[in-house]
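After this come two complexes, each holding chain A, first together with chain B and then together with chain C.
Up next, the complex of A and B:
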């Protein structure tokens, strides 16, 4: 792909803004790590060596306990298996992930009630939640769901917003007026309350929740794209394309759209953080994704309900803070790179 | 201008109808509505009252068919959706929001009780946000890229990244639960009635501080940066450069010329803040357990108390729309160049 020299200049300018550039790297690492979270945080062992055979239990079907010489049919408990291997002192060995607990797994102690404070000895580095589930696992898997959620939501909102907005701006007239009124009406809906009412009635799954959120979220991008297209269509290159006989579709998607990409990209990071916050808020109120799906909002709810367990709310708030600040820094840097502002200072 | 405002006023009508029809229809299709709940309650009483004798199937049905019909008629569930919607709308237009199916109180009285509390927080927040953000934004713009600017940016950025109610949760955990400086929520202490006047005031202040920080965290950053950026744009514009070049002191160039023009976008955000306070209160009132409108709305959704849900929807969407119009009027007042079509 050959990049336009202006685009290359923008990318270089973005790279020169160190805060934003490093934030982007950190954010990418966070996403990649969360996608391979099964290798780091899991109740299944990474690799098991048992009686001359190697097993890789991480992905794929569960391996029953009796395959490893335990006396049960259900999935092997690898933490116990490790202790057993150590006691037997033969060639068998296994390697556990850094956090040897699954996202739904509860780890209970006899005679005590969760939540348990952080403990390195038991590999609960951030403690457990009110049900005895490991907080690191809940945080990382919750992050993965939140980020996928907000990226898909972004895609849906932008697809609707860009196509409707660009058409509104280009054609104008009745079509434009009609959608203007609709947006005006739609953006006056107290949407958080309406979403809560809707999801109190039908417990939404992942797709449904994206659908509901998109219904109330497409207007922002539409309005921006309309304004931008409005300006762009008056420029000479559009006239030139028209004079050469280009079709409307070609003008819209081959000429105008590439020239508005800058605007679209500028808003994207803020839309991502908005999506994460919205999902967390709904989960906190109990109107988001149904339990036991790991989510930050649900953890915050637990931390709020059980304030003595400071490690619950503390870990979520710090995780949120890091994620959202990183995203905000990226957003600021993108904006600066796309539209550098020269400021005058007086002595 | 007048034509524009009239059009905006007229647009309230379709918006209002659209929202209420949508929610009204949804609430009609719900299992577990008020009638079902009453039947269940009656059944519970029956089971609790007469433990003797086998209870099976229809025998547990305490309410007779006629009684259920009567109840449905009373709540308007016996008619098609559109008919009962228009009945409801007719009542709303005469100022009657119906009766709560849970507490059997008039909805309007329930809302009326809660409005002052939400308004109390809303007004203080609004005053503080404008009172702090404008001077801070000006200071940051004048000292752009100095230590003061960078340091305050960090704090402001953290406030921006984290939504207000999350700030509230962590404030509660740190200052109320661990350090025990502030109360754990609510608006007044339990034995508030017995306090002397000074103790009462002090009690309310203690209960106000943490929620207030959470409220302010919501709109603080946007306003500060808006102030800073617009002022910096204005400072680099020709008329300020001319003023400075003609010998006006920098101080009066900022305060007499640039600042006045920079206040225009702040006015635009006035309406947004009104809606933010109304919407944000939802989560913050839940976190701090403050008995305001937001918490009432949340509880009524959970308890499926639909007359209250609809009532709050009516009030909050009206306030929301009026807020937006007010914001337009503000802009027009501050900036005489603005001509709405």
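Up next, the complex of A and C:
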């Protein structure tokens, strides 16, 4: 791919801002790890060798316990299976992920009640929540949901927001005026209450939540895009394109949009962290994704309700802090990299 | 729903007692008492107060918010404080909390008419209002007039006292009859009305609601409000020469001199107050309080005692209600399999610290009306397998049962955040049995709406209780397949209808009991209700100078330290010596023996 020299310059500049660059690397690693979380944190074994056959249970359908010589039809409990193999001392073996617990799995003990504190012996590195579910698992799977959620939300919000904003700025006049009023009115609808009302009547699922959030979230981008477009449309290249007979669509999306991209990507990282925070807060209040979907907000809520179980609030607060700081650093670096003035410095 | 079970139950009794008032005037003077009636009384049942009880002391209790009014009818009167006022007002007769027999209150004798809708009463001649005026038959006559009056702005009571109570007949100043509108079983529960003081209210006017907001109405019970400061406190004072203080069932009860309710708006702060001794008793029913929070110096040093008292009262029908209008639950085998797929035992053991008990069926604790032979279906994978296979289902690739493109995946609708850990465990266990539960948490009103509109698969909820089992609303086909009825399982079975109709129409206790047991068996057979938990006890922490009788409470006790209430209240007393001893020990930082009492006198046997 041949990149515009200006773009290359921006990328180089971004790379030269160490803090932001490493943050991006950390963030990408977090995302990649969470996407393959099943291989690291799962109650299914990675690989099972049983009576001469290899099984890879991680992805795919569940394997009933009786296939491995257990006496039940439901999914094999691989932790027990491992113990069994060790006792039997035959050739069978299996390999468990680092954290051998699933995201929904409750690990309860005799005579004690969750939440359980961190224990290396039981492989609950950050302890369990109030239903005996592993916190590492809840955190990582929760992160995956939050990040996917916020990326999709970003895409939807920006598609609508940018399109509307750019059109407002380009056409101006009555269309602009009309949409400005619409947005003003619309942004005065108390978004949180609407969500609360909706989720008390029905449980919003993932798509629904994105849809609701997008309905109230697209306005933010319009103002900026409108202003930028007003400026850009007066430039000569737009005039030139017009003179060549380019259609409005072409001018908007092939000429003006690429020239405003700097503005858009500057905002993007902050929108990502905004999305994560929004989902977390909704879950915290109990209006987000329905249980038992892993979620940071729910963990936060549990941490609040079980103050003495410091590992719950501790884990989730640190995880949030790291994520948000990393995203903010990226955002900062991006902003600086695309800054045409190149004067600002961050130390 | 579940939370208010106990107060509701007492509410029903109390209000039946308290509020029936004067019917129409047609029945005034000159009526002849029938000759063939048999007067009954009851001084034979065991007393439940302690002979050791001493009078004295001030009992400190609290309310979450100051009452909006002292009126017990009309706008804003339905607050929680109303029960404190109502429980200081006796009715014609009461119910013995252990034997459930009728016992005297304002009436010394009573008699039933053959028509099964009239009950006669002879009043105790010593009964006085708190202002010293005698209570006469006319006060009951007036009660009906009062309750039917438009001026009190209480449509529910207007309606109840019109549709349920036909009239009050006065024979002389201390003999009367109360007539219900229809013949019915347990007539005594319906017609045991409370008097209203005509000399106090006189003719009601349009200003009733406003005028009586903060008026202290004369009553017939052991205490009366003596002092209050709006927003801060209400104090009750014991009547020194209460007319009933030496009567068989009231002797040695209502011992404290003063009861002071102060406003404490937060539960956690209340707990702190209690630990400082500003509050005498604290409810520690929640596992967190009983097991964890009470590991605190005042308890460990023995200044505060803990008691776990098992009672034997009507249990809320709490559990999973399967909507039989859903295609999947039309099949008996599937319903049975579902019940066997619910590992309630594990939830009780692993999540609820064995503090809850398995509810065996929907109508436990109704005395002889309960069918104690029924046992809820236990978690059993083999049985799930058997039932599912019998209906031609097969395990799918993910282990969930499948048949003709359908999956055994059902939605559980619930509303309390605290119930999530229970459901999460059930869900994981159900997966083993090949049943997928989808959890849907809505807020309580949305949950209730969804369930009443019969849009649920499974409702996770409990019903409030009443003195006798209510079958018609929950299981009669009249209420099936339509919205806004309590038949949330959509049970539609002609045999069930026949039994329920017979139960409702029967006026013979023995027959009703027999039918009741049959109906419960039928409900169990249908498998549409999976009973979950019951909490057949009360747990409280109290400062050690408060004393309880040898048997600390009664079968019906929901609160061992309830200062008022003719049925179960006022059994405890203040021990001045112990108070001094404790204060002394606290000052000297001396440890006393920690005490945790577990009383199983009335524990239900499973």
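Throughout what follows, the second predicted complex is superposed on the first by the 339 of 347 C-alpha atoms of A that agree within 3 Å, B and C clash if a C-alpha of one lies under 4 Å from a C-alpha of the other, contacts with A are read in each partner's own complex, and residues count from 1 in each chain.
As a convention for this text, a contact is a pair of C-beta atoms (placed from the backbone, for glycine too) under 8 Å apart; a residue touches a chain by one contact, two chains touch by 3 or more.
From a predicted model like this one, the values you see are computed outputs, not experimental measurements.
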Can A:74 be said to touch chain B (first), chain C (second), both, or neither?
second
Scan A:113 for contacts with chain B and chain C and give back first, second, both or neither.
second
Which of chain B and chain C A:290 touches, first, second, both or neither
second
In the overlay, answer first, second, both or neither for which of chain B and chain C A:131 touches.
second
Partner touching more residues of chain A, chain B vs chain C, is chain B
Which partner does A:64 reach: the first (chain B), the second (chain C), both, or neither?
second
In the superposed arrangement, does A:181 touch chain B (first), chain C (second), both or neither?
first
For A:200, using the defined touch cut-off, is the partner it touches chain B, chain C, both, or neither? Pick first, second, both or neither.
both
Enumerate the residues of chain A that count as touching chain B in its complex and touching chain C in the other.
200-201
Residue numbers on chain A that touch chain C, as the complex places them:
61-62, 64, 72-75, 104-106, 108-109, 113-114, 130-133, 200-203, 286, 290-292, 301
Under the definition above, what is the set of chain B residues touching chain A in their complex?
11, 14-15, 18-19, 22-23, 26-27, 29-30, 144, 157-158, 160-163, 165-166, 169-170, 172-174, 176-178, 184, 232-233, 235-236, 241, 244, 250, 253, 275, 278-279, 282-283, 286-287, 297-298, 301-302, 304, 309, 312-313, 316-317, 320-321, 324
What residues on chain A touch chain B, complex-wise?
181, 184-185, 188-190, 192-194, 196-198, 200-201, 273, 277, 280-281, 284-285, 300, 303-304, 307-308, 310, 313-314, 317, 320-321, 324-325, 327-328, 341-346
Chain C - residues contacting chain A, complex
346, 350-351, 353, 381, 385, 395, 397-399, 417, 420-421, 423-425, 427-428, 431-434, 439-443, 445-446
